[in-house]
Structures are given as structure tokens and as C-alpha cells.
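Note that chain A is present in both complexes that follow, paired respectively with chain B and with chain C.
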Partner chain A sequence: MSKLITMNVDGQELQVEEGKNLIDALSAVGIHIPHFCYHPALGFDGNCRMCLVEVEGARGPQIACNTPVKEGMKVSLSSESSMNLRRKVLEFELINHPLDCPICDQAGECKLQDYYMEAGLSKSRMEVEKVAKEKNLDFGCGVVHDQERCVLCARCVRFLRKYTKTAELGIVNRCDKAKVTTFPEKPINNRYALNVVDICPVGAMTSRDFRFKQRVWFMSSEKSVCHGCAKGCSIYVDHNQEKYKAERVYRFRPRENAQVNGHFMCDAGRLSYRKENENRLTTAKASERFEAVDIATSQAVALLSAAKGKAVFIVSPSWTTEQMAVAKSLATHYDGYLSGYADGYIVKGDGDDLLLKEDKAANRASLELLGISTDRQKLISNLKTAEVVVVLNNDLSLTASDKREFEALFAGKQVIFVGSHRIALADSAQTVIPCASYTEYAGVVVNVDSILQEVTCAIEKECFARRPEQVMAALSGNAIKAELGAVRQQLSASVPALAQVDWNAIPENGLNLKGGAQ
Partner chain B sequence: MSAEVKPTRANKPFVFNAENEAKFQKLLTRYPDTAALNLPGLWLIQQQDGWISYEAMEYLAERINIPVTQVYEVATFYTMYNLQPVGKYHFQVCRTLSCELRGGEEILAHLTKKLGIKPGETSKDGRYTLTKVECLGSCGSGPMFQLNDDYHEWLTVEKVDEILAKLP
Partner chain C sequence: MAVQEVKVLSAKYGIKDSRTLAVARAHGGYSQIEKAFSMEPAQIVEMVKASGLRGRGGAGFPTGMKWSFLPKGLDKPTYLCINSDESEPATFKDRQIIENDPHMLIEGIIITCWAINSHDAYIYIRGEFVRQAEMLNTAIDEAYAAGLLGEKACGKDFRVDITVHRGAGAYVCGEETALIESIEGKKGQPRSKPPFPAVVGLFQCPTIINNVQTIASVPYIIEHGAEGYRKFGTEKSAGTFLFGISGHVNKPGVYETELGVSMKGFIEDLAGGVWKNRKLKAVIPGGSSTPIMTPKEVETCMLDYESIVEHGSMLGSGGIVVLDETVCMVKSLKNLLYFYHHESCGQCTPCREGTGWIYKIVSNIEAGKGKMSDLDLLLELADNMEGKTVCVLSGAAAMPTRSYIQKFRHEFEEHIKLGKCPFAG
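Moving on to the complex of A and B:
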């Protein structure tokens, strides 16, 4: 943190960080200056004029996004003349705006709407007809554009030029004909495209996937971590329970985290929320028949007790660290072999320099922390002598060669599958027990850069899927500890890297286990 | 030209001819950054073809190593770039105040009648294009129009007929 300086905002003395612009410096102390075009990741552009503020001694109003804070600076934000500046800018922005908030997807999280409520005129003074532009334009990659709602802040244009460097969008024409568009026949084509929907301060950019699905004010948000790849971007899980319907996740949004993902996330990760709602495993199976979960569980316990010392456990590389620790206890309880083999989760050539990683497992780092072997040969040799195989949500059918080989190895053995989704094994295993997925439990995951982040439970799906640690405790005949607190205590005691973790106060931005914790 | 014109395909690739390539090479040495050639590059294209096609924008973007959207932005911002083919003779009639006060409307009406096309149109034989434009900075000598690269000032209906008669 750099030096603090003292400045005055609306007569109030404040300590702010030196070297920042007014918007950033003041937002750090909880004061929001209205703005459209400025975005911390994209820098200032100064085109929207919404952040005009009065600075004492300056020649006329200044744009806060390009005004660095200075010692002794006096800024007026809420005076009548400052409000008047904002009112005038908003009046210009709304000259050709269609005012279709009731049918606009952005309503509720729209800056234009918020600022107008705060400072705008209640009634329009415009008497001339508005300029009509195109609506519902498909820009590609699931981005839908409405030219009439656009305030021409150029955030989307700058994002695609500065961040993805693909530059598919531009602002063409001039004056009231100006509009954001692609070069004809060259739609947006990159793996981070849907971020333009997030950074659009108004309803001009909407997501084909999310639009008209939910009103944002009906949804609740939980802070969590994306399980799409080993990067583990910080996200918000937006979920809602509609009347007479099961609760479900409606979208993932990136959560700002300088340590991990900055402000953005990839499209694949963003759309991976669908997996939380689709193809879920909901029924238990025992002796190849559908059964109640309890019956399936007690049959599994009987099988495992009979095969003591001859059981192999294969744990998912995306489960939380706590769940992996419980899996370890479970394997020890039955004197079995625990493997975290997950080479199939690595998709070669699928990573890039921005956020995407080749490894699609969310918590591989914890396998290493807990000393769980990921060796293929060891797993195969243990499988050859095993009688019972317990697959703990690890998908071994991700590559064709693995699929063939493990199917052959599983033949003639009792296979118990504990899983959240209906993968191939859910059909072939004799015993199947459904469990919760990662929006339905709490815990921690460690990403590829050794940053430990907390996953919070957004949805309780106790009705058909218990949390994995509960399922595992039941599989041990309730002989092992599976409560989060107890497991965490045990983790702190046994894993040196986790010894210093304060489990009740994991920072929102995560904890760097390699030191330099923030 | 209307401001709403989208890039039009010429359906043939664009390449600078020898003369323009030499000019382009000279321009390359003039600026520290190739992106600065966006405007002059578009001018060269327009000098060569009379208008700027979809393919030409792509060509220029590649030559000066900037995104094609950036060329598109500039080409649509300035109204003097023609984004659609124009006739052999392009009449750009000033419609701004000074010319209008001195009878610009009459000149435009006369041209419309004589050429048989409305402002914004090109004659079927590709000989004439008629466009209404904003001030051409020749206010002291209105009414006026620009015919291709030349200004014709202090116009009267008779003078317009004279000019038309002289066109090869």
C-alpha cells in the first residue's frame, strides 16, 4: 500500500491512497462517483463525462477518472452544482435512449437507471422524435446488442482491444448515428466475449444465455469459486427459487479478485453453471436396482466391510480439500488404497495466457498437499487386486483410452459410484449414491497458483443429494469425522501448508499458501 | 453519402497500384507508428478506386497492422470517404447556410432535374453521383459544389448548364 494523503470530500476529511485517480481512491473508502466509461481494468477514456466533479481551484469541472488525488485537494460531490452537472450529462445520455426499463434485462443492475434515480430530471424535456437504431443484434458468442440503449462508453470496444486483443467491435458513424458494431461478417469470436455483458454499464449488451430468465432483484448471490478449470476464478453464484420450482443457479458472474482473475472470467467457466442444473444424478442404486439412498448406503457399507484391505478409492480432483481429507480417512478406515488419478481432466492446448488453464480439475493442488497419489500405474496395479472400487465423483471416462482401460479393470468387481452427475459410471456401477455438487456445499479449494479460496453453499439439495462428506461418513458407518470444523482442525494439524490457515476468516480474495498472503 | 452506409463488397480483391504503392511506402517513413496511416491510406484507396470497399478496408488494416474495425470506424466517421461506388462525376452540393441563402437549393433542384437522380443516388450508367454535403469552406463564393476534386463557385443555373455541357 502506498502513502496515504489527506483530502476533503464534501467537507469531510479523508485519508486516501496516493497515486490513484479520484474514482479509485474514493471507492476504496466507500464513496462512489458515478461513471460509465471508466473501468479499473481498462483505464480511463473520458468519453462519458458522467464523473465530472468540482475540484476547488480547478478551471471548471474535472473528470474524476483522470484526476489524480493530491494532498489537501477539496472535492465537491453532492453540492447542488455537482448534482446539476450529472443531471445535464444524464439528460444528454437519455436523448435517444428508448427508456424500456420494464422489458430491459439490465433493469435492477443498470447504472443509467441508478444514476437517473439519484440525480436525473424526473421528466424529459425532449420534444423531438428519438433516433431509432437496431435492436437484438447477434454479435456472436452469445452477446446480444441493443444499439438504442447504448451510451457509447466504449467499454466493450476497449475490452476487446486491450484484454483479448481480438478487437471485433468498433464505434462507427458519428453524432447521433454512432453505434457499436462489428465489421460485417466478422462477429465476436473469442473465449472471453461474455465479459462485455458484465462491463456494459447499461442494457446494451445482454447475454443470450441469461436474458429474460430472471429479474436480477429476485436472485441471491453467493461468493464462490468457478470449478471450470484449475484457475479457480472468483465468482458470484446467482440463484433463485421460483414458486413451485426447485431452486437453481441462473448464472455465474466474475467476482473481482486481483490475486486470481482480476475482473473477468472465461465464457466456458461462466456457462458451466448449466452443469449444476443439468444431467444431475438424483436416484440411488443398489444391486443394479433403484433403491432408497439409505438402502444403497447400507449395502455399500456391507460390501466394503467384507472387502477390508481390498478396496480402492478414487477421489475427484475437484472436490474440496476437506472432502479429500474425509476420503483419506474413509480409505484408511477400510484399509484401502486412495488415488486421485485425474489425467483425463487435462485438455492439452486448451489453456491461454489470460485465465484458461489446460487442467480442468478445480483442486488438484490439494491432492498434492494431502499426499494423495495421482499415479496411473499405482492405481492400475492396486485395481488389479481389488474386490471393491469406490469412485468418488472422479470421471474416468473423459479420455477414450482411460475409458476403455478402466472399464476393463472394473469388470467383475463391485463398483460403488458416489457422484453428482450422470456420467457413464452412474449407469454401469452396481451401487450408486448421489451427492451434492459444488454450488451445494461449503469448503475450500486450492488453485493452480496455490491460492486457497472458499466455496460457499448457494443451494441446499438435501432432498436427494447429501453433501459428499456426509455420504462418505455414512459409507464408513459413521466411524469417521466429517463435520467441516473437525476436518479443518485435523487438516491444520496434519498438513504443514494449512497449519496457519484461520478457517473462520479466509479472506474473500483467497489466501496464498506460498506466502505473501494478502 | 448517407451516414448509414455499411461496407460494400466490390467482390474483387484490392491491391495498391504501383503509383499508390510508392506513395504508401513514402508515407510509411513519415510517421513513427503505422496506425497513423489509417486516414492517408484510405485516401489512397479512394484515389485509386473512387470509393472504399469492404475488401479495401481489410487490405489497409492488414497493411498497417491495425484491427479492421478501426479502419471501419474512421472510414464511417468522415463523410468524405465514399463507402459505395460513385459515378465518374461526383457532384457534392453544399447545403449549409451561406450557400443556401444564396440559392443553393435552386442549384440542387436544377442538378436533380438535369441529371435525373435524387441526392444520394448514382445514375444507372454510372456517370453521375449527386450528394448533399455540409459546408465545404467556400462560404464567400456560394452557392457552390465540388465536382470530383474541383470547386465550382458563384454558381447560377446557366453556369451549371455550361459545366454539364463541357463534361467529356
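Moving on to the complex of A and C:
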């Protein structure tokens, strides 16, 4: 943190960080200056004029986004004249706005709406005809644009120029005929496109995927971590239970985290929320017949007890660190071999230098921390002599060669599949026990840069809500500890890298296991 | 005493083939190069400062002071941009220089490049000036052929290259940072300041942007010195100015006079007075954005920076428009606002939305569909637009709006009361 300086806002002395602009410096101490075009990741542009403030001694109103804080600076935000500055700009923003909030997805999280409410404007003075523009334009990559709602802040344009460097959008025309548009026949085409929906301060950019699905005020939001790849972007899980329907996740949104993902996330990760709702494994099987979960569990316990010393456990590289520890205990309990083999999760050439990683496993780093082998040959040699194989949500069918090879190795063995989704093994295994997925349990994951973050439980799926650690405890005949607190205590004691983790106070932005807390 | 023309910049006007290098040289063109190169660059900057030369593009900023804002010791090239966008309605003086004496501009550019240590000058010329761009390029080609430009400009160990860059027809590109954006190949939109172009300008390098007339005045200053230039004009408005006068006068055109002459005298003595023996109704003194003046104000106003400001308007670009008694002021304002609405770059909210809104309100009044409350709304919107944006285009639309309504409110009220235009017959 750089030097602190003292300034005065509305007569109140404040300590703010030197070298920042007014918006950022004051935001850090909890004061929001209304703005549309400024975005910390995209820099200032100065076009919206919403952040005009009165600075003592300055010639006329200044834009806060391009005004660096100075020692002794005096700024007025809530004076009548300062409020009026914003009211006037807001009036201009609104005169040609369609005011279609009732059918706008952004309603409830719209800056235009918020500022309107704050400024207390109620009556329009606009009595001449509004400017009509186009609506429902398909910009590609699931981005839908409404030109009438647009405030032309150019955040989307700047994002595609500065961040993805693909520059698919531009503003054409002048005056109130100006509009954001794509080049002819050249839709948005990059893997981060849907971020323009987030950074759009109004409802001009909407997501084809989310449009008209939910009113945002009905949804609850949980802080969590994307499981789309090893980057582990910080996210919000937005979910809701509609009347007479099962609770479901409606969207993932990036959560600002300077040490992981900045302000953004990739489209694949964002849309991976769908997997939490679709193709879920809900039914248990025992002896290749559908059975109650408890019956399937006791059958599995019987099989494992009979095969002591001859069981192989293959754990998912995306499970939480705590779940991996429980898996380790389970394997030890049955004197079996535990593997974290997950080469199939690596998709060569699928990474980039922004956020996307080739490794699609969310917690591979913890396999290493816990000393769980990921070696393919060792797994194969252990499988050859095994009688029972317990697959703990690890998808071995991700590559065709793995699928063929492991199908052959599993032949003639008792296969127990504990899983959240209906992958191939859910059909072929003799014993199947469903378990929760990562929006339905809590724990920690460690990303590719050794940053440990918390996954929180957003949804309780009562009907099949056994968490992986609960399933594993049951598989041990309740002989091993699976309660989160106990597992964490054990982790702190046994894993040096985790010795210093204060499990009750993991920072929202995660903990860098290599460099300490942020 | 009648207002007289002074031939400083317009000395070669009317001479046959004055555009050509040979004729220009025969009449003193490029005669100041030797003297300029014998001076230290800093001396030239000081001389221009002392001459009191102010920017002739509209804002009237002291030229020498602008040059002295360039940062010293930067490891970057310095660029010179000549603003020949000349898009302000009623302004047509720079065009005359290019058409009649382009070599005076080129001479000014060479001297200025030496003074500010720049090797690359861009002349940004208005897109509609097709013929003028051709003339300029012809003159530049001649200058290259004669060794006046290029690697060893005028035989000195100093490179000067000039590139003519044509605009694509946007008024806003006359704003210096929009001009820079346009030269860089981007959409012409003014940049937020700071940083100012003298520090971060064209291609992120220090840049000086001057009007054609400003730079064309430089050779004369070199020749006659600061005092020689100060012989013309007033204390704070030194030198001569090419005024373009149009509208309802008998002899419209461009006339060069020293600054500080009587506006009324200028209109009557040089432009032949209001045509058709009609009465004067109003004068736009310096391009369409400057506040309109009543005959009473014109009576006592002098054509210099201070006097016009004292009379509530601005010298601007020196484009004088004379309106006679038959003009409908509402229609006249509507015409101006149509232009400013069309030319607003669309970047800043108050301008993008405001210019359209006030244009529509004034159109309604003109069509007899206005309300009395519209007039106060217009005045308030003008305030809300001015000074709230990146550039002054918003103010350029607000200033006429405010002055037309304040000074000719009765005409607006008459439209509203009658429900039609009283001038429409």
C-alpha cells in the first residue's frame, strides 16, 4: 500500500491512498462516486460525465475519474450544487432511454436505475420525440445488444480492445445517433465475450443465456470458486428456488480478485454453471439395480470389507482439499491404493495468457500437497491386482484412450462409482452412489498459482444431498472422520503448507500458500 | 476615419499565379528562412511571445506561450500540426491563405519547426477542401523539388517533412485532440485533458497544434520583429486578422485589417454595409458558436479579443455574419443547432443528448408548437451543457442558444403566441 494522504470530502477529513484517482481512492474508504464509463480495469475515458464533482480551487466541475487525489484536496459530493451536477447529467442520460425497466434484465443491478433513485428525479421534462434505435441485436457469443438502453460509455468497446485485444466492437455515428456495433459480418468472437454483459453499467448488453430467466432481486448470491479450470476464478453463484421447483443455479459472475482473476472470467467457466443443473446423478444402484442410497452404501461397505488390501480408490482432482483428505483416510481404512490420476483433465492448447488454463481440474495442487499420486503407471499396476475399484467422481472417460484402457482394466472387477454427474461410469459401474457437486458443499481448493480459496455451499439439494465426505464416511462404516472442522485440524497438523491456515478466517481473495495472505 | 485594409497576410492576394513558388519568391516568399535559421530556436519562441501573436483558430491562446509548454529533454520527437479543418460555419479565411499563398504557410511551418525542434509537420485539412488540398500538395511538391523541404530543408542541416492529411468531414476534428485522433487513424473524438497535447499529443509525443493563419503570420514577425508586428493592433490584441464577412452585406469576403478597428466601420467601410438598404438586426462576430450581438452592441464594439468579450461575445475565428431585419431569429438558431447536433461527436453525455434535445425544442417553437416554458428550459439546458464536457462543442451550441433567447426573446415568444412563424408571410 502506498502513502496515505489527508483530504477533505464534504467537510470530513479522510485518509486516502496517494496516486489514485478520486473514484478509486474514495471507493476504498466506502464512498461511491457515481460513474458509468470509468472501470478500474479499463482506465478512464471521461465520456459519461457522471462523475463530475466540485473540487475547491478548480476551474469548473472536474471528472473524478481523471482527477488524482492530492494532499489537502477539498471535494464536495453531497452539496446541493454537486448533486445538481449529477442530476443534470443523469437527465441527459435518461431523455432518450426507453425506460423499459420492467422487461430489462439489468433492472435491480442497473447503475442508471440506482442513480435515478438516489438523485430523486421523478418527472421527465423531455416532451419531444425520443431517438429510436435498434433492439435485440445478436452480437455473437451470446451477447445481445439493445442500442436504446446504451449510455455509450464504451466500456465494452474498451474491454475488447484492451483486454481480449480482439476489438470486435466500435461506436459508429455521431451525436445521439451514435451506437455500439460490430463490423459487418464480424460478430464478437472470443472466449471472454460475456464479460461485456457484466461491465455494461446498464441493460444494453445482456446475455442470451440469462435473458428473461430471473429477476435479479429474487436470487441469492454466494461467493465461491469456478471449477472450470485450474485458475479457479473467484465467482458469485447466483441461485434461486422458484415455487414448486428445485433450487437451481442461474448464473456465475466473476468476483473481483486482484490475485486471481482481476475483474473477469472466461465464458466457458461462466457457462459451466449449467453443469450444476444438468445431467446430474440422482439415483443409486446396487448389483446393477436401482436401489435406495443406503442399500447401495451398505452393499459397497460389504464389498470393500471383503476386499481389504485389494481396493483401489481414484479421487477427483476437482474435489476440495478436505474431501481429498477424507479420501486418503478412506483408502487407508481399507488398506487400499489411492490415486489422483487425472491426465484426461488436461486439454492441450486450450489455455491462454489471460485466465484460461489447459488443466481443467480445479484442485490438482492439493493432490500434490497431500501426497496423492497422480502417476498413471502406478495406478494401472495397482488396478491389475485389485478386486474392487472405487471411483470418487474422477472422470476417466475424458480421453478416448483412457476410456478404452480403463474399461478393459475394470472388466471383471467390482466397480463402485461415487459421483455427482451421469458420466459413463454411472451406467457401467455395478454400485453407484450419487453425491453433491461443488455448489452444494463447502471446502477449499488450491489453484494453479497456489492460492487457496473457499468454496461455499450455495444450494442444499435435499433429495440426494449427501456430500462427498459424508458418502465416504458412510463407505468406511462411519469409521473415519469426515466433519469439516476435524478434517481441517488434521490437515493443519499433517500438511506443512497448510499449518498456518486460519480456517475460520480465510480471506475472500484467498490465501497465497507461497507468499502468505494478500 | 474609415476602416482600412492592411496587407500583411494577404499581401500577395490578387497577384497572378501567387500560388506558385516562382511568384511567391518574387514577392518575398521564403526570404525569412536565412534570418530564422541564424537565430537560436529559443530566440524565435521569445520573439513570437513578444509579438503578442495569439492563436487565430478561435480560442486566441498566445502562440509563443503554447510553444514554450513543450517539455525539454524528452527522448521523443515533437510534432507540429497545422489545423486547417476550418469547419466553423461562416469561417473561410484559412482557405484564402491556401488558395492564394500556400508558400507563406510552408515558410511559416519551416520556421516554426526550427523554433520548436520538430521535423514532421502535418497539415490537417478539412475533407471538403478537395481543391485546396490539391493546391497545398502542389505547393509542397514544388517546395520539395526546390529543396526547401526534405532531409536538408532550405539547404540547412535540418529535416522538415510536411504531410497533408485530409479529414473526412467532421466539424469536431477542428478540436485539437480530435484532430490528433483523426491523424492517428481513429474516430475523431476529443481526448480528455490533461495530459495536454504539448506533453502527450500525436502518437503519444509532444505536439503543437496551430491554426493556418497563426503559422502564416510567423514569417512577417521574423522579418519585422516583435515590435514590427505590434505596430498593428492593440496592446492585448496585436497584429492583423483575416476577417471573413458573410451574410446580408453588399461586399462579402475576406478582409485583412489590424485588430482593434470598429466592427461597425468594418461592416460599412469594407463590406459595404447591410444590403438592400435594410436595417441591421444582428451580428455573429466570430463564427457561428460565438454569442450573437445586437445592433446596439455592434455600435460600440471593436474587432479585438477584449472588446468583443466586453460586449458579451468572442472574436473566435473572425467569421462575421451580418443578419438583416428580415431574418427570423428562431429559424436562424434552429439552423445553427441543426449543425451542432449533427456535428456533436457523441462522446460526452451532455453534448450528445443535449444538442439533439435543444434542436428539437427550437424546431417545435419555429413550427409554432412551442410553449412559453420551453424558453426557460432552453436556457437551463444551455447551462447544463456548457463546461461539462471534454471539449467546447457543447458550449458552442449553448452559447448561441443562450444569446439568441436572451437578446431576441420577443421573437421566440411571438412564435409561441401566434402558433406560427411571423416571418413566414
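Note that in this section the second predicted complex is superposed on the first by the 515 of 518 C-alpha atoms of A that agree within 3 Å, B and C clash if a C-alpha of one lies under 4 Å from a C-alpha of the other, contacts with A are read in each partner's own complex, and residues count from 1 in each chain.
As a working rule, contacts are C-beta pairs under 8 Å (C-beta built on N, C-alpha and C of every residue); 3 or more make two chains touch, one makes a residue touch a chain.
Everything numeric in this text was worked out from a predicted model, so none of it was measured.
In the superposition on chain A, A:A362 makes contact with neither chain B nor chain C. The partner of chain A that touches more of its residues, comparing chain B with chain C, is C. In the superposition on chain A, A:N173 makes contact with both chain B and chain C.
In the superposed pair of complexes, A:R161 makes contact with chain B only, with no contact to chain C. Once the two complexes are overlaid on the shared chain, A:G60 sits against chain C while remaining clear of chain B. Contacts of A:E93 after superposition on the shared chain: chain C is touched, whereas chain B is not. Applying the stated contact rule after C-alpha superposition, one finds that A:A473 touches neither chain B nor chain C. In the superposition on chain A, contact is made by A:P184 with chain B only, not with chain C.
Residues 170-171, 173-175, 177 of chain A lie at the contact with chain B in one complex and at the contact with chain C in the other.
By the touch criterion given at the top, residues 170, 172, 187, 192, 194, 341-350, 352-357, 360-361, 364, 377, 384, 387-390 of chain C touch chain A in their complex. Those residues of chain A lying in contact with chain C across their complex are 44-50, 52, 60-61, 63, 66, 85, 88-89, 91-93, 95-96, 125-126, 128-129, 131, 151-152, 170-171, 173-178.
By the touch criterion given at the top, residues 157, 161, 167-175, 177, 182-184, 186 of chain A touch chain B in their complex.
Listing the residues of chain B that touch chain A in their complex gives 3-4, 6-7, 54, 57, 67-70, 72-73, 76-77.
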